[in-house]
Amino acid sequence: MLKKKKDGEISEPSVKKIQFADQKQEFNKRPTKISRRSLSRSISQSSTDSYSSAASYTDSSDDETSPRDKQQKNSKGNADFCIKNIKQADFGRREIEIAEQEMPALMALRKRAQGEKPLAGAKIVGCTHITAQTAVLMETLSALGAQCRWAACNIYSTQNEVAAALAEGGFSVFAWKGESEDDFWWCIDRCVNVEGWQPNMILDDGGDLTHWIYKKYPNMFKKIKGIVEESVTGVHRLYQLSKAGKLCVPAMNVNDSVTKQKFDNLYCCRESILDGLKRTTDVMFGGKQVVVCGYGEVGKGCCAALKAMGSIVYVTEIDPICALQACMDGFRLVKLNEVIRQVDIVITCTGNKNVVVREYMDRMKNGCIVCNMGHSNTEIDVASLRTPELTWERVRSQVDHVIWPDGKRIVLLAESVLPVFHLFFIFVLSIIHALALIELYNAPEGRYKQDVYLLPKKMDEYVASLHLPTFDAHLTELSDEQAKYLGLNKNGPFKPNYYRSAAA
Amino acid sequence: MLKKKKDGEISEPSVKKIQFADQKQEFNKRPTKISRRSLSRSISQSSTDSYSSAASYTDSSDDETSPRDKQQKNSKGNADFCIKNIKQADFGRREIEIAEQEMPALMALRKRAQGEKPLAGAKIVGCTHITAQTAVLMETLSALGAQCRWAACNIYSTQNEVAAALAEGGFSVFAWKGESEDDFWWCIDRCVNVEGWQPNMILDDGGDLTHWIYKKYPNMFKKIKGIVEESVTGVHRLYQLSKAGKLCVPAMNVNDSVTKQKFDNLYCCRESILDGLKRTTDVMFGGKQVVVCGYGEVGKGCCAALKAMGSIVYVTEIDPICALQACMDGFRLVKLNEVIRQVDIVITCTGNKNVVVREYMDRMKNGCIVCNMGHSNTEIDVASLRTPELTWERVRSQVDHVIWPDGKRIVLLAESVLPVFHLFFIFVLSIIHALALIELYNAPEGRYKQDVYLLPKKMDEYVASLHLPTFDAHLTELSDEQAKYLGLNKNGPFKPNYYRSAAA
Amino acid sequence: MLKKKKDGEISEPSVKKIQFADQKQEFNKRPTKISRRSLSRSISQSSTDSYSSAASYTDSSDDETSPRDKQQKNSKGNADFCIKNIKQADFGRREIEIAEQEMPALMALRKRAQGEKPLAGAKIVGCTHITAQTAVLMETLSALGAQCRWAACNIYSTQNEVAAALAEGGFSVFAWKGESEDDFWWCIDRCVNVEGWQPNMILDDGGDLTHWIYKKYPNMFKKIKGIVEESVTGVHRLYQLSKAGKLCVPAMNVNDSVTKQKFDNLYCCRESILDGLKRTTDVMFGGKQVVVCGYGEVGKGCCAALKAMGSIVYVTEIDPICALQACMDGFRLVKLNEVIRQVDIVITCTGNKNVVVREYMDRMKNGCIVCNMGHSNTEIDVASLRTPELTWERVRSQVDHVIWPDGKRIVLLAESVLPVFHLFFIFVLSIIHALALIELYNAPEGRYKQDVYLLPKKMDEYVASLHLPTFDAHLTELSDEQAKYLGLNKNGPFKPNYYRSAAA
Amino acid sequence: MLKKKKDGEISEPSVKKIQFADQKQEFNKRPTKISRRSLSRSISQSSTDSYSSAASYTDSSDDETSPRDKQQKNSKGNADFCIKNIKQADFGRREIEIAEQEMPALMALRKRAQGEKPLAGAKIVGCTHITAQTAVLMETLSALGAQCRWAACNIYSTQNEVAAALAEGGFSVFAWKGESEDDFWWCIDRCVNVEGWQPNMILDDGGDLTHWIYKKYPNMFKKIKGIVEESVTGVHRLYQLSKAGKLCVPAMNVNDSVTKQKFDNLYCCRESILDGLKRTTDVMFGGKQVVVCGYGEVGKGCCAALKAMGSIVYVTEIDPICALQACMDGFRLVKLNEVIRQVDIVITCTGNKNVVVREYMDRMKNGCIVCNMGHSNTEIDVASLRTPELTWERVRSQVDHVIWPDGKRIVLLAESVLPVFHLFFIFVLSIIHALALIELYNAPEGRYKQDVYLLPKKMDEYVASLHLPTFDAHLTELSDEQAKYLGLNKNGPFKPNYYRSAAA
């Protein structure tokens, strides 16, 4: 489906080939950037190997047979899955157990709602990163009464051992690390195209699953109660469909919830930037000069963490409001070319393209680390480094040394680093997913129409409140008098709906 | 107009007396809290003296004659003003010059727009705190071509020496520290009710000036091009008028701009909480236990500053989203009663009422400081401390010791402390005011109707951009390719309008 | 004794005039720098008025009669003191009460040792800054049984109202703000030269008192049990005397205790740099560029505070170890000339001379604040600014604007700012003083010889332990097994003596 | 040599068996704790597998043959080494190259001193952790002219692939991960006991190498010019020898240098605590409650890092001075039992024993992480967890789950975690080692006697200065006038020798 050109860049035309001929009316309207982003979610082209938890080191000893050519069964004889190696299930189980420790809200929901089975009868088809955290979500959905079939939304991000544990646990999972493009769509199809089973809920991350059903099995939508979509890209597609009058079921945009924006971006990035850089490069942060491109929530998290570790941090921004915030937070606001010669680390988190171009990389000093923290891998112009005079050396998983003729080397972490480093962004997200599914599945007739909805403010607050017990945090309750004074319901919502989005 | 009861509390009935009989239709609809807030902006009832800059210490030697009974002229013979003492003009001038150093954006605007005089012909009547920062604003408006007449929006906050400098500079100012309620309205009336001069623009902080014109000189609105309103209260009143179909000119709500929310609240409070507490109590922050009630922007600023100074900070919250943010920022979330016995400092910034009640104050330890950082003085139940067994001792301006029968004393900073501590909140605000006035004054017919408008996103960004040069901050510009990729205009706005408001 | 030259600089020769002819043998050996430091402690030559707490604003209305020409008695008829105005006693008492809140360790000692009166019979003559904190110390010494007579160690730093309160309380205090040099020595002499009273303990800050007794009343040393000396200068003098074999009583160097170094320097400066700059200049710290000269404990405190407030901080250093610490703490290490054009604030805390010279000040930008946080006022070459083309304008107490011919002005806080800003450095110091006095006074014959002693490590630990209860801090005790394992006594000392001094 | 008892605890008697019968005179004097510490450096008894860099995951596929039974040659035919697998050399070389990026000071020294070969003729025998950083040190020593033979000072910490790269590069290395006790001494002996080669310098970490030569080849000391010793334990042994008059060559104690104390402890731990916990447990720090036992340099680093990540941090201390510092830095000082039920993470860095005992672990909540950051593994009473009712589960390298009968599990990182997490402590140390070796090797006759020396202050400063260029840090130089004023040499040392040690 996708063709890599020799230089690793994906040509525009090949992008369009993903789309079916008959769907052009709405999808052609997507701006170029969306196509690109979408791709970047599915396939990170510059990597030869990819995401690795500690666990995946064992993969090197794996055989090279395609999972599609293997016959595997779990210990109960079930064979309705396709994964790398069912034998890794025990190891995957331990990873899931560790993840459970860090997902108390979901575990609480599992416990609380288990009696009433709010998803009894739900048949959920999902397409997300397949990680230990996703496994905790799937097992929770199952505990709440749902049946699940699942594929990966990214050809590299699957934790094989987790997929094995899920398969062993009876889930129909179709995913492995290092799928080809053909594998990718084949897996999605295997989730959906089952005799005697039809999904009534969709959980999607990137819109590829929704897209596939739209095109191949449009009749399925008759039984589908709703779509929960997480990604910017997928949400954009849904709004396009809605505008074009072609959205035939209610959809929930969970990307723009406050809890998601704050916790997945600000707080998670504050930790994962350190962790990611340390694991891949062993760099020491104290005293290092770092430039962070972009001062949105991700950039704010990165800057705060690096400042705390004793780095000297510069920021680039295009938006004067974010720029002024950077100033007030104590970061020098510069243009990239002002500091490019002196910095030790360059981090991109703009959501933009070609923020770090060849010209800049030519001027970096020896040993400079270039790291993409943005959601897409467009920020660094990696293609421009695929020229004959530069030597590439893969030194660790995710880490390339690019070596100039004079011996200068830069350390490149070019792939979409957020999912690479840590799939933390499931921390809050999975509970939002679960609640959104429950809401859409149980909503009375007429509450939701064929439109795209934001997560209700009150549910956003509920998501937050589910996390409080793990911090032993005690919420204050309004007195009647105070509630009246403020004009609020004592149980919330506590902020108007227009407070939903994070400040610039 | 307002009657203080003996214990310093203002009774509800007296509040209503502010309103004219014939205006009840819309103003009666205001919820109680708004009345109270409005009052708190105009009059802080528990203080016997009030705001004091370093300068105001000299006031003690001033004579006690009411300014209304004095005949004063400035050095050019002009007598169209009413202030405490024209002789303080030189001192006030120095304070203004110091303020100019901290208001580079306004000074830049003054320089830039001086040639074109965008306010030529504007006759602005204003009602705000009268401080050095306001003076910089007024002199800027004048430099841009406007004529100004001004009264104070608060009977205590006027810096007399600044008012003197303004009068000396030819401004018609009617304000002094310690006005009576009657003085308050008399001053406003003197601004408006002039022979041969009619305002065509209103700048209001709290809505009292607007209110007065509405009731006494409704015909003036025929020539008025617009109202710029800063306060929560005043904005609320305007929306009420708009809903009731009684708003007869366009109005600009500048309270809800991002720059105002972020910079006045978060960043200013981060500095003013330390400054305010230090100046009034000389407390050392290191190692002190502090509870901050409320984790909005003000609370966030207070907490960050105190944490940095080595305090141990607890937070109380009612909103689970803010509560979870407090947790992730490293503060224990508690109920007030859990820590009230052990804390050294209690800070309120909830916007709520009776957050700190007598019961809590009875349990505080000796020497505990109780400080209100909220905009209104409702947060601490001061009235409950006006009981016979407690002794009050005013130890410094704004600082009372309240002494229990057993000798325990608490240190009370009960008044609306934000304006007390520092009128920093003019830092960004005054430039917003100036821009909003220019926009409304110059808007082509039809751009604004008889409605309440938010500051356009782009103007918000412009406000921010005006502050960047002072930080020697260099904004990055989008390339054409990048702008296209992001679907943005290269000159902004860079965020959708729904990004306007600060996150919960 | 000291002659100011017209340009405000004190000439070297005049320095020597302080010394008596017959004392040259040892004092002439002092290196120049020490003379200068000593002077800077006694007299800050560039100021025309000086230290001011809030209280001192009232002084402007005071009469101009010299205290030496006044006849004053306290309410009990006692006249053995010489101060500005006994009528300010009530106000001073309130200041002392506020200070008591912040000095829990001393108050605890007062309470604890009051029964046993460990200073019964002690006749202490003291020469220190006379502030509310000193008053708390003196009243504690008195409560422990001592008689006290006191003079000021600095001609500008006396809080007149505190001196009044002390006089009213029966203390023989000889000090006022704005003493002449003649007054300075006259006051010291009045403390010592009393009929029927002879001191047996000395508490000195700067060595001037010790010096006076040495020269004028050497026989007094026969009855003196010891000297407690706080300042670098005074300690240096004592070591010189000791080397020369002329020290005739034991002396305690309290300057180099760990608690003093850490708490007076690092922690106090962290707070007082913000407070001092804010009170004097109202500067907002967020986004400001600041260069801090010197990264010792004072510099570390300043840098940490400013970084936390959102300033961008540069550091200059001469010592590579401190320099590397600055790097690892996230500050760019520069030479002053690299950043002098761009910074908004320059802070000196090197202990060195001429760190900021005219050449640098010529290149500063308009509005730049130049602030001395060092103990002496040598760091800024103020004399170089006393040239005809520059205009000086005193805008507030301690704050001068120096104006260049082109209108550029710098804001100069040139005097020894530490005592100016806040006499916090008494926070820990006064308890150390008290303990050192008790130790020397009660030491058995032979424990201390005629030498200079450091505060015993164990007493240093005791000072720290006295402060713990105020923080509700619970110390862990070693088990017998653990003490044995570590080879420590369970009650300390917990560190070897060579841990005494702060790391480079 | 060492016998593990069944419960994993090493009995005291077995400790003594390490020592040779004829050496009891001095080594028997060592206090018990030192024996224990020494052991903990050599062998971490509670682990079944051990230190692992990313690289070592490949080891699982390795054969089980002992290296002593293998015949290996490097590509040049050299066989004078004994390591796990020479084939890993390429991988190890990449690890070394990455380490070089982070060791600029050593690389600078290598470049600078390469011409003059200051170690020409040096024959160095070393016994340290064998990691990529050590390899950079060894290759630098070699570049400076030295010959090196090396063994490991810890049976678990060797990075096999690095040892392979060294062997491939021609170094005689005798070390592998997972040596037996017999292997350990065999390796040391192979380094020393070579025909036709005799060492003239010793670099030791823990004293085992020195000890071995003392006992087996005492005549070797005739040609040995000096010992450089890094560890607390080894230094203690040397002081014992010196006291007993048995030290026959000069020794340099590099453990107590300022640069080592500050950079290895404070700054490295600030980073490695986050990295270590994240890699092993994936824990998210935001909002977590953590208790840090011990507030020395290591504790300070841990606390600062965790506070910055949004953890709520408690501290325990026995020393009131450190305790007060914790208070002033904003941490609640508690006894462990006050918070043990509520914390999510317990970190030990006291240097003490049995700080976390079974009783506490019984009361921890489910999922609590218990992590040792101290240099020795005595802090957690691991032996007390080896009881029948508790189940141990090794979930990752270095990570055990210990499971109570009720299902509660704690996550145990009990081994000496500093070397486990990251061998960062080589960051500064290796340059100190190199300089100390150069100094001792080149010192003129008589400069050093048969005693233990501290690193000269000036060399400490030189170590720091070597690191400055990598931070693009510009040191200020004293003018002649300033140097004279301060009484300093312009080239340092800048602090008196008593500033050497870190403050309590």
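First chain written, first letter: the chains are A, B, C and D, and each begins at residue 1.
As a working rule, a contact is a pair of C-beta atoms (placed from the backbone, for glycine too) under 8 Å apart; a residue touches a chain by one contact, two chains touch by 3 or more.
Since the structure is predicted, the reported quantities are computational estimates derived from the model, not experimental observations.
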- Set of chains whose contacts include both chain D and chain A: B, C
- Sort the other chains by how far their Cα centres are from that of chain D and give me the top one. B
- Query: Approximately how many whole Å separate the CA-defined centres of chain A and chain C?
  - Reply: 58
- Item | Between chain D and chain C, distance of the C-alpha-averaged centres to the nearest whole Å | 43
- Task: Take the average of all CA coordinates in chain B, do the same for chain C, and state the distance between these two points in whole angstrom.
- Result: 39
- Task: Indicate the residues of chain B shared as contacts by at least two other chains.
- Result: 267, 286-287, 309-310, 324, 327-328, 332, 471-473
- Task: Have a look at which chains touch which and call the overall pattern line, ring, star, complete or other.
- Result: complete
- Touching residues on chain D, where the partner in the complex is chain C: 31-33, 258-259, 261-263, 267, 316-328, 332-336, 338, 351-355, 378, 460-462, 464-465, 467-468, 471-479, 481-482, 484-487, 492, 494-495, 498-504
- Item | Contacting residues of chain A [partner chain D, same complex] | 54, 57-58, 60-61, 94, 97-99, 101-102, 267-268, 270-271, 274-275, 278-279, 281-289, 304-305, 308-310, 342, 367, 395-396, 411, 422, 424, 427, 470-473
- Query: Which residues, counting only chain A, touch chain C once they are in their complex?
  - Reply: 286-287, 307, 309-312, 324, 327-332
